[in-house]
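Notes for the one structure printed next.
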Amino acid sequence: MLPDAADAITRDGKALILAYDHGLEHGPVDFEPNPATADPEAVFDLATHDAVTALAVQKGVAEAYYPAYEDDVTLLAKLNGTSNLWMGEPDSAVNWSVDHAAELGADAVGFTMYGGSNNEIEMAEEFRDAQEAARDNDMGVVMWSYPRGQGLKNDTSADTIAYAARLGLELGADVAKVKYPGSGDAMQHAADMAGPTRVVMSGGSKTNDRSFLETVETAVRNGADGLAVGRNVFQRDDPVGILDALEAVIFDGETAEEAVAHTSQRAVADD
Amino acid sequence: MLPDAADAITRDGKALILAYDHGLEHGPVDFEPNPATADPEAVFDLATHDAVTALAVQKGVAEAYYPAYEDDVTLLAKLNGTSNLWMGEPDSAVNWSVDHAAELGADAVGFTMYGGSNNEIEMAEEFRDAQEAARDNDMGVVMWSYPRGQGLKNDTSADTIAYAARLGLELGADVAKVKYPGSGDAMQHAADMAGPTRVVMSGGSKTNDRSFLETVETAVRNGADGLAVGRNVFQRDDPVGILDALEAVIFDGETAEEAVAHTSQRAVADD
Amino acid sequence: MLPDAADAITRDGKALILAYDHGLEHGPVDFEPNPATADPEAVFDLATHDAVTALAVQKGVAEAYYPAYEDDVTLLAKLNGTSNLWMGEPDSAVNWSVDHAAELGADAVGFTMYGGSNNEIEMAEEFRDAQEAARDNDMGVVMWSYPRGQGLKNDTSADTIAYAARLGLELGADVAKVKYPGSGDAMQHAADMAGPTRVVMSGGSKTNDRSFLETVETAVRNGADGLAVGRNVFQRDDPVGILDALEAVIFDGETAEEAVAHTSQRAVADD
Amino acid sequence: MLPDAADAITRDGKALILAYDHGLEHGPVDFEPNPATADPEAVFDLATHDAVTALAVQKGVAEAYYPAYEDDVTLLAKLNGTSNLWMGEPDSAVNWSVDHAAELGADAVGFTMYGGSNNEIEMAEEFRDAQEAARDNDMGVVMWSYPRGQGLKNDTSADTIAYAARLGLELGADVAKVKYPGSGDAMQHAADMAGPTRVVMSGGSKTNDRSFLETVETAVRNGADGLAVGRNVFQRDDPVGILDALEAVIFDGETAEEAVAHTSQRAVADD
Amino acid sequence: MLPDAADAITRDGKALILAYDHGLEHGPVDFEPNPATADPEAVFDLATHDAVTALAVQKGVAEAYYPAYEDDVTLLAKLNGTSNLWMGEPDSAVNWSVDHAAELGADAVGFTMYGGSNNEIEMAEEFRDAQEAARDNDMGVVMWSYPRGQGLKNDTSADTIAYAARLGLELGADVAKVKYPGSGDAMQHAADMAGPTRVVMSGGSKTNDRSFLETVETAVRNGADGLAVGRNVFQRDDPVGILDALEAVIFDGETAEEAVAHTSQRAVADD
């Protein structure tokens, strides 16, 4: 963890990472709620929103679209990932070399780590290579820290999420992306365990506006440094509205109750 | 996926890839319907047909024959492949390095990816190396995207083919070769999911002229950017006739009904 | 084993290594007895104590904190380690390259070796690479020599600890960290078997002041060259007091009975 | 396959490769019929016979004897091989690097490929490295193409041998060594499938002179470009006589009936 | 096998290799019969005896002691080895790189090869790397050729030992260390099978003076080029005496009966 390494993908120390690797991880089914978002261009357009501090995509999508957006979007190169066609013990292929990502202009790299998986050892060593190559290229490092695997009974307990956050610090991530651990206290504990490594909660499956914003508010008031979100933005009818609302909560200190109006207003205006 | 990377193996953005790696993948049995095609020279001659935008072969065949055809044939270096003597979980040996293929003059590389196989992780990482080396050599990248393996129940469903096409985009292929998903709508969906990555349907086992051309017509009218075909050309008595017909359907906009006449005419003339 | 290689992490040939990789190996649960120590800064502050000859941490913690302490703390880069989320046969991921550690300013490297594990072969070969890279960088080498695994019945017997110490010598460690083998005679035997490789006992789980100091006294009077300790320092209410006492026993030749006063005095003064 | 790459190990396009790696593959038992041949010098002397176009040995034998014979023997470096002490699924260790073989003066490399083995993928990738390194050193490439393994029911059927020969062409061998498929027609089919890759039959276990020569005659009159032989030469009482006879059949167009006289004459003269 | 490569570790073509890697392979238990030999210095002193042509140790021991003895001891770097804490299928970790050994001043490398083990393939490929790196550094190569593993029924039969010796020649060892095969005839057969590769018998478990010397005499009169011995020297009360006697048998042509006097004389003088 280097104090300034995440500067390029944060604003005032906070992050709103738009994640868009679902085409690899889950397949086209994730685009069904909002079919237009199957087109990466739609999501790159969303990523130009002021609220978004970085866009996380896989190599092929970055190659095709990032050059046209390089002035308006900050690229977070998601290095590994795997289709869900495969049903084995959690693992993730390294699909993108750091050098290639640096050459394309990425400001940071993202890496999934399944602590507790039978593949944890191998993944940690792949993370080492990526982390150190990122240092050589002055890029930030984000760990998707998701304990998962046959040795693990409950992967969303407060203790497990706190451990996941700490793994980010210990192994050298500048930002750790963890699941929401269920309460503000648990969020604070996880953030404390990560020390100077920034902690962002992952957005998870789509929920309704108010519920989602309340969770985000609780998280950022309890140590989280922001959010990494995909489906809870691009699966909505009004992704710009939710980005407005998230900006209000994360960067402007509004409550969820205040912020939800941004989504309603736009929804009404668009309907 | 780089917008211009497939230019050398397409015409007007469309592709007719003649595939001839059956001697490795299936063995001599595939040459029995038309024994002359066991001789690679016969297929290189076919590949000089105007309709053919690239010829896909393994290293040994390319070494022996490509130098004599380099002015008339565009070489697509099929990097991996495996005999069917072996019965294990789907996998494919990398038989050819990108640097060696580039030195020989190949314009693009081809790579089989069995999404869903227990070897998916390893294959994806081998694909990464090949794709990035291809970029270093200004070569296009074609993915044979064939979900297959014990974790996969139905590998030709519309959803699986759409996922396969998307994998091409996400992982950085310029062209994704997928199986025909059974209908025009499904073809269109797969093509949409691949975004700017070109999608070509694979020819599959030999069928009769009209049936085959109708499928191709349906595919190219529903988003497919062409065809990668082997047995449906070289196992016929009149491979030139079917190439004439495919050119008419893919590049000249003829219907299958119109185009089938090219095959009949030649067949009659030749008999 | 090179005679002078451990000079930077010893004083008068003796070592008191403060180990702080528990956030990775055990998770946040190890910070519960003294929550302030979840903050690495608190432990770096402890490491400035005169008694501490080196601080062992993982890469991420070193990156974040060592630069501010480089004049006051000697860095021992713990290269491998693994979370206990994973339940498999003992193994340890190499999370840090020697070159990266050298660049950051580490004076020595630390490496866990699970002799007897099914992963012993692989770990020994990883140790070889680390040890030789350390030589190239003029860094000392500390082996956490912990026989463990399914082929091993009793990993704290005197014979096993003596074997563990000898492995340090044979494989090229300058310092071998072993568990306390239960008696002064057994400690002496282990130290003898290690030859010129220095042997330090590991602190293990937290015990009370007197009991802990008595064990340390027995060890250092019977061949041990010091101590590598984590929980028995930072889980106490008065970690400075125990460091004072350990300094007295290890470097100044006090008895445990004399030295325990250091902890009582401070405890009284602080209360 | 490169048209001229096998020139150094053929004469008039035909090959008589003397193979002598039995000490590794089978052990000393293969020398029992003619104990003098345990001494590699005896076999290097045989390899100076005009009929022999190349001698295939493992690294250690080549290091010790080839320098003294470099003007009179053409060296084919057999890169891989394994003892039969091991009973697992067919595999073969790569015992010799191409660069080392080139430095010693080898004109070609030999490589065993067990198509159908569970190790086929790994062996094919090792072959790739060897084949491409041979190209860098202007050396020919001979594949011992022996389908074998649990996925394979009958490894000497005509279809399997034809597939084996084709693998040589597809993967880039200049010469494919295959088992005799049982008939002239089957031999011709295998040779046809290999295209420009030369096909040599392997000698197999020792048989009587006439029977052996008749098989060789049938093979070379039906597409085979020669023979790779070990035991059927060096296990005989009169290895020079059988080499005379093989030269007559392979290079001079004699029938087996005519050629067998070479062996009888010598046998009588020697007795 | 290179004719002169073993010159540095032989005298008049004969070898007496003192092996001292038991601290790794067997642990401290092997030092119990003669506790002073746990100290490597005691064994380095023994290795200055005129009879000893090379001392085989692991890296850590060499680093610590060889520099002080470099004028008086010839170093044989035992590259691989594994503790017996581990109970799996025979295997051996490569603990020392050839380049590191060369830099330290070793004249030769030693490598254990378990033919017949399920790890034979991997070990042979590791041996290849070591052997070729030794050639690059003008170092001799000694193979500890010990058939062992689940595919092997009787690892000390004459046939197996002969095969083991032959593996040394085939794979490129200058010296093959094999177990005594039980008789002079069997020893001669093994030596014959190794051709120009020198064969040394391994000393094995400790036996009485006369019995041990008789076996050595039988071996060297039947083709063996000497002995590699550890426990049968350093576990004795009078290791110098047995070295005197071994020198007499191996280099001076004395009988065992004559030579045993060297041990008795000293034993009496010392008592």
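When the chains are written out, they are named A, B, C, D and E in that same order, and each has its own residue count from 1.
The rule we apply is simple: contacts are C-beta pairs under 8 Å (C-beta built on N, C-alpha and C of every residue); 3 or more make two chains touch, one makes a residue touch a chain.
None of these values were measured; they are calculated from a predicted model.
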- Task: Would you kindly count the fewest steps from chain B to chain C, each step being a jump to a chain that touches the current one?
- Result: 2
- Task: Would you mind pulling out the distance in Å between where the CA atoms of chain D average out and where those of chain E do?
- Result: 36
- Using the average of all C-alpha atoms in each chain as its centre, how far is it in Å between chain C and chain D? 59
- Contacts with 2+ other chains: residues of chain A: none
- How would you write out the ring, from chain D onward through chain E? D, E, C, A, B
- Message: Touching residues of chain C toward chain A in the complex: what are they?
- Response: 21, 23-24, 27-29, 31, 38-40, 58-61, 63-64, 81-83, 85-88, 91-97, 100
- Message: Taking the touch rule as given, give the residues of chain D at its contact with chain B in the complex, in rising order.
- Response: 1-3, 115-118, 120-122, 124-125, 127-128, 131-132, 135, 147, 149, 151-152, 159-160, 162-163, 166-173, 189, 192-193, 195-197
